[in-house]
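Quick one: the structure is below, questions incoming.
As written, the chains take the letters A, B, C and D, and residue 1 is the first residue of each chain.
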Amino acid sequence: GQQDAGADSPKVVGFSQCDSQQAWRWAETESVQGEAAVRGYELKYNDAQAVQANQIAAVRSFIAQGVDGIILAPQVMTGFGPVLQEAKDAGIPVVLVDRLVAEDEDMYYTFIGSDFVWEGERMAEIVVEETGGKARIAELQGTPGADPTIDRKKGFENIINDYPDMNIVLSQTGDFNRTKGKEVMEAFLKAEGENIDVVYCHNDDMAIGAIQAIKEYGKDPGKDILVYSIDGIKDAFQAMVDGDLNAVVECTPLLGPQAYDALEAAWAGEVLPKWVMSEDGIFLQKDAASIIDSRKY
Amino acid sequence: MKLLEKLGISRRSMPLIATFVVFIALYVYGGISYRNFFSARVFFNLLTDNAVLGITAVGMTFVIISGGIDLSVGAVISTTAMAVAVMTQAGVPNGLVIPIALLYGTVLGFLMGFIIEYFKAPPFIVTLAGMFFSRGFGYVLSLSSVPIVYEFYAKASAFGLKIGNGRFTIPGIALIVVIIAAIFLSRSTKFGRNIYAIGGSEQSAVFMGLPVFRVKVLVYTLSGFCASLAGFIYTFYTLSGYGLAGIGLEMDAIASAVIGGTLMTGGYGTIFGTLIGTLIQGLIKTIISFNGQFSVYWIRLFTGGMLLLFILLQKAFVAGTAGMKKAEG
Amino acid sequence: MSEKLLEAKGVSKTFPGVRALSNVDFALGRGEIHGLMGENGAGKSTLIKAITGVFPRDEGDIFLDGEVIHPHSPMDAEALGISTVYQEVNLLPNLSVAENLIIGRQPMKRGCIDWKTINNDAIKILQKFDINIDVTELLGSYSIAIQQMVAIARALELDSKLLILDEPTSSLNLDEVQKLFIQMRRLKEEGQSIIFVTHFLDQVFEITDKITVLRNGEYVGEYNTADLTKLDLISKLMGKALDELKEFEHIAENKVDEDAEALLCTDGSGKAGYLNPFNIYINKGDVVGLAGLLGSGRSEIANMLFGIVKPDKGSMSIRNKKIKISSPAQALKNHIALCPEDRKNEGIIAGLSVKENIVLALQVKQGWLKNINTRKQNELARKYIDMLDIKTPSVDQAIENLSGGNQQKVIVARWLATNPELLIVDEPTRGIDVGAKTEIQKLIVQLAQDGMGVLFISSEIEEVVRCSNRVYVLQERSVVGELAGSDIDEHKIMHTIAGKGE
Amino acid sequence: MLKGKQIPKIIWPLLALAAILLFNLLFTDHFFRITIRDGHLFGSLIDILRRCAPTMIMAIAMTYVIATGGIDISVGSVLAISGSIASLVVWGGSTNYLAGDDEAIYAAVGLIILIPLLASLALGAFNGLMVSVVGLQPFIATLILMTAGRGIAQLLTGGKVLNFSHAGFEFVGRGYFLGIPFPFILAMLVLLLGLAITKLTPMGLYIQAVGGNRSASQYSGINTKFVILFVYIFSGFAAGLAGLVMTADITGADAGFMGLYMELDAILAVVIGGTPMEGGKYNLKGTVVGVLIIQTLTTTILTRGVPPEYTTIVKAIVVLAVLIIQSRKVRELIEHRTMIRAAKEAESV
């Protein structure tokens, strides 16, 4: 008797978030949660705590619960094939957010998000422009093996490889967090302090750590050493306002509304393109002050 | 108590029974609280989703019973899966891929066991080094995640015996097979008994003329094998290799064993207990996703709280029955 | 085939700070029971461990059947046909009694261990020693005496050429010893050779054919048992002239002073399932002995008086004041000390030095704020090392590196150091050599004469008789009789024990 | 009798540290250069002292826990909680500073430090009670707090990195005292505190006794429950202090990441330093050296720009090498030779 939820009861949507270690992810979660409330859906939310196996299990359990649609923010590009197949067999549409999976397109309904490679490329273009194509760069990578790390590195290199005077002189992982970012930057400065023109960070948290390290080293971040990062959390805007950070490429986490639009389309039987680009921006230091108050996360 | 005695249940298996009872209670709680919880599908999902953990925990249980610890297992799982993926990409025939994959953890386990025994080095550190090494090796194989291309894996992944609305999948079957084999190993083979002996008192085991060196090296080898097997099973689960897979899984595996009644100081523990310990963790996760309203912090608080509640219940149950025994005596 | 079964020539072994064996010879004939004797720390256990490959020897050769052997572990030794019971009970508390007896050579049936046969065999094996216990229970739940019997039974069951027993009788009663001897004689008749280590002179004279004596890690000599008198042997062991030894014959006077101040008195103390209610009293100056068979409840009384186990009925008073003692710390505050029975589990603290082991209980008694500083620790340790003749390279030696008897002395020292008013000693002379044993007995009698009350528990009735001025006899966890003054003799005690209560 | 002549254990980890330093002396430019900048010491070596402080603080306390035969894997989470509370206190308990209201409260340094430390003590006491009174296995008892603790930290901060700037409090993580990084001085103070408690009171003796043989300790009258409770409380306190250092350093509490996997580093340091996991003995100096080994290695890897995919392999190899040179086997080989020689000499005299 529990099976049929009744036609007029609200649609149930399962949202599987891969983890919540960064402000960015929280913003994404809040966006999906908030929008569910606005549109009157019942949201089943699960956080996999950075463990892919947890995430697969969560999606399985959404299927077992008989949800009407699934929003999936995948931990990693690969590995979701079997469970997506299960969802497909059960007739549940899956909308991917913020990260694409390396599966056949018919395994999911659509993907909403930006492209990590694209982000790295845009970032590199800004750096090239602001340094005149000549810079020694220190790179703070994300967690080794993580997709954003690999793609943001790749995208960045795609562009700067065309400029012989743009060189990555140091590159280490800062694990996407502030503490490690600061520690790594400190070591970089000890090793090559006078030879670093630019720091490229795979996310904002590491950039904030790096900025602190540069200040403590006695240089002026944003001037002596230019700092660039990806994501666009509010703290990064504050750093730009303070003149410490030179530019961010946004990767918007506010994907909730678009995700529900997609699900509604799926329920209505419409066909959407397999990739709906999210609305990302590129923000330079000079514009930061005027924008900061509108940042939500 | 009389009843238990009639059923042939000795006082010594009380903790195990307590564990089982609490597991059932938790399961019933889930069933009462959530729609669609009592279904074959959820039950078999529980097996499928926890197969990797369960298989790893079996090896871990043996290691802990012998008085050691193996922190490398999570990394071995990931690297095994990565090795499979990379080999399929490179076109290595599947007949070679499988043995190589299974050998990886086995050989690493053997090496760690050998270092631990030969140099009398603390297992915690040797296997931590094993974990660092294995993670690094996985990254060297490929930094980015790699899909597995062979049809075999996709088929194995899709395979499942239909039971009700559930599917008894290969990971689930593998888990059950490994558990049965391990129960046999622990109870009915000399190797298994020697593991307990060494955990009870390594010095005594030496003095009693038991093959301590060999058994201890083999225990780590076995754990490595279990981890590799789990890694191989993981490929059916995700059809890919991923350098960050299985992070922190060693802690879960230890927790499975310990919840199931294995003593970290060695000498005591059962495989069945470990299975229940694994399923309890899985059950907690299932309840969390059925609930669907927990933020990550509530997930963590809930998990910790459930663990606490569970262990206290187990403790109280055992203490209660022990008290009854005394009163009778 | 050589005429000797086992020969050791010029064996030496050095530990950090200790020359445990230097150039020791040893020869064992076929079908011979050979006593290996020496004071505590003389090197007996070390010689045995060198033979069985527990550790490598520095120098020397060992021949078995005329061939040089190099076992690297007890496992190798067993494969060569040497079966050994080491000094400390070395079994597995986490496995059942049956499994302890048989592990390593379990019978298999259809590829599985055959548990039924194991349990049945175990029952049979133990029956040879008149032990009827549940063999499926964990070994750790049994007393140290039972564990020792199990260890012996295990070694006897191995099909070996050579059986080595390192102080197997230290926790056994006379009865058990006789049961062991019956088995040893049987094996001897079957042609097996046995090395037997003990400090009990009576036992050596009863069972051995030959005796080899070690002193300070050196070989003293090999003798035919029949050619020696007790005093000869003692003088060889201690390296002293015979006339110095006269005083060992002396026995403490068993005087009872009825007017002495009351120290401790129980009134129906007991605990269901553990110990039946009992009434005993101990006055200042008393040495009160407890006699009884294994498992009769002697240690239980000790544990209850010391607060390890709380009674659930009756009451207890100290110096005529009712008092409840619910923890060892509290007992210590009331000036009670207990030197426990199970040295390995309840006594020595491995990892701590000799000095720290000695001062531990005193430190607890003094409380948190009065830390005993290093100088004081050294002083105390030296005092007891001298008093009890503890053989150790330094006060900082880790206790686990001492010989068994010397460990025991350290534990005795720990409790003497607390300077108690009531001293409970549970098998205090276990594993202690003849000379030192007499010293400790004298010390205890002396302490009592100086006003201490002593509760003296020992499986050696002779020792109880020698020291006590009153004796309680226990049986099946009840006090069943009391003897005082000149009534105390071995015969009467045995009679009371056998007499099923009076 | 011969005099006990044993090579002190501390030599082995020191050798390992020396080897890593020697490598840097030969192959890493400027590694040993120490200059004075802004009135304080400056250089890679100083970085090592500063960066190792949180781990060292925790590892010192962990040494005592391990000496009792226990383990505390909750320290990373306790650290995160402490840091989160500290940054909350800075803002007067509000997580809404992002909303931009200007009425943010900056609390006094004393409060910012005191409240998190009290909380950490309570968390340590929870662990201690679970182990000593309830009788749970240390691993599982602290696993509970490890899991739930990070949840608490994230709950407190609402998942954000709580930023602040607070000149007074920042000193705890960034300041220099007499030119030396203040966090390192804190670590030394914790070391002193530990030494004071374990040397001036019988606590050190009791800790070893409980780890060596709990039942014999009980027979000796030691209040074993209290001893166990104490070490976990101390561990909680240390983790809390480490949390303050890290929070003050990055002027923000990163509840999701702070202290993640640091329990492993702390335990690693303790064991590399020569304290056995089984308990009963401890080697505090060894722990300090162990932490320095780990941090020097990390700093070396970062300074030399080892590619991230190889860093863990390098770490594995170094850890193993350290382990093997100080393993019982190798030690025995060396000691045995010297010992026999000494014995022979003594005899021939």
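The working rule: a residue touches a chain if its C-beta (ideal position, glycine included) is under 8 Å from a C-beta of that chain, and two chains touch if they have at least 3 such contacts.
The UniProt protein names, listed by chain, are B = Sugar ABC transporter permease YjfF; C = Sugar ABC transporter ATP-binding protein; D = ABC transporter permease.
Note that the structure is a prediction, hence the values are computed from the model and not measured.
Asker: Could you tell me which pair, A-B or B-C, is linked by more C-beta pairs in contact?
Answerer: Top pair by contacting C-beta pairs is A-B.
Asker: As a quick test, compute the distance in whole Å between the mean CA positions of chain C and chain D (ABC transporter permease).
Answerer: Chain centroid spacing, chain C to chain D (ABC transporter permease), equals 44 Å.
Asker: Taking each chain's centre as the mean of its CA atoms, how far is chain A from chain B in angstrom?
Answerer: Chain centroid spacing, chain A to chain B, equals 33 Å.
Asker: How far is the middle of chain B from the middle of chain D (ABC transporter permease), if each middle is the mean of its Cα atoms, in Å?
Answerer: Their C-alpha centroids are separated by 30 Å.
Asker: Could you tell me which residues belong to chain D (ABC transporter permease) and also touch two or more other chains?
Answerer: Expected reply: 154, 159, 308-309, 311.
Asker: Can you list the chain A residues in contact with two or more other chains?
Answerer: 19-20, 144
Asker: Please set out, as single numbers or ranges, the residues of chain B touching at least two other chains.
Answerer: 139, 143, 295-296, 299-300
Asker: According to the definition of touch, which chains form touching pairs?
Answerer: A-B, A-D, B-C, B-D, C-D
Asker: Chain D (ABC transporter permease) touches which residues of chain C in the complex?
Answerer: Touching chain D (ABC transporter permease): residues 14-19, 22, 58, 306, 308, 327-329, 331-332, 338, 340, 345-352, 356, 360-361, 363-365, 368-369, 371-372, 393-394, 396-397, 414 of chain C.
Asker: If we count contacts the way the header does, which residues on chain D (ABC transporter permease) are in touch with chain C in the complex?
Answerer: 1-6, 200-203, 205, 208-209, 211-213, 215-223, 280-281, 335, 339-340, 343, 347
Asker: Touching residues of chain B toward chain A in the complex: what are they?
Answerer: Interface residues on chain B, with respect to chain A: 34-36, 39, 41-42, 45, 48-49, 52-53, 138-139, 143-147, 154, 157-158, 234, 236-249, 282, 285-286, 288-290, 292-296, 299-300.
Asker: Enumerate the contact residues on chain A facing chain D (ABC transporter permease) in the complex.
Answerer: On the chain A side, the touching residues are 19-23, 26, 141, 144, 170-173, 175-180, 182-184, 186-188, 190-191, 205, 208-209, 212, 216, 218, 234-235, 238, 293.
Asker: For the complex, give me every residue of chain B touching chain D (ABC transporter permease).
Answerer: Going by the criterion above, the answer is residues 71, 115, 118-126, 128-133, 135-137, 139-140, 143, 251, 254-255, 258-259, 263-265, 295-305, 307-308, 311-312, 315.
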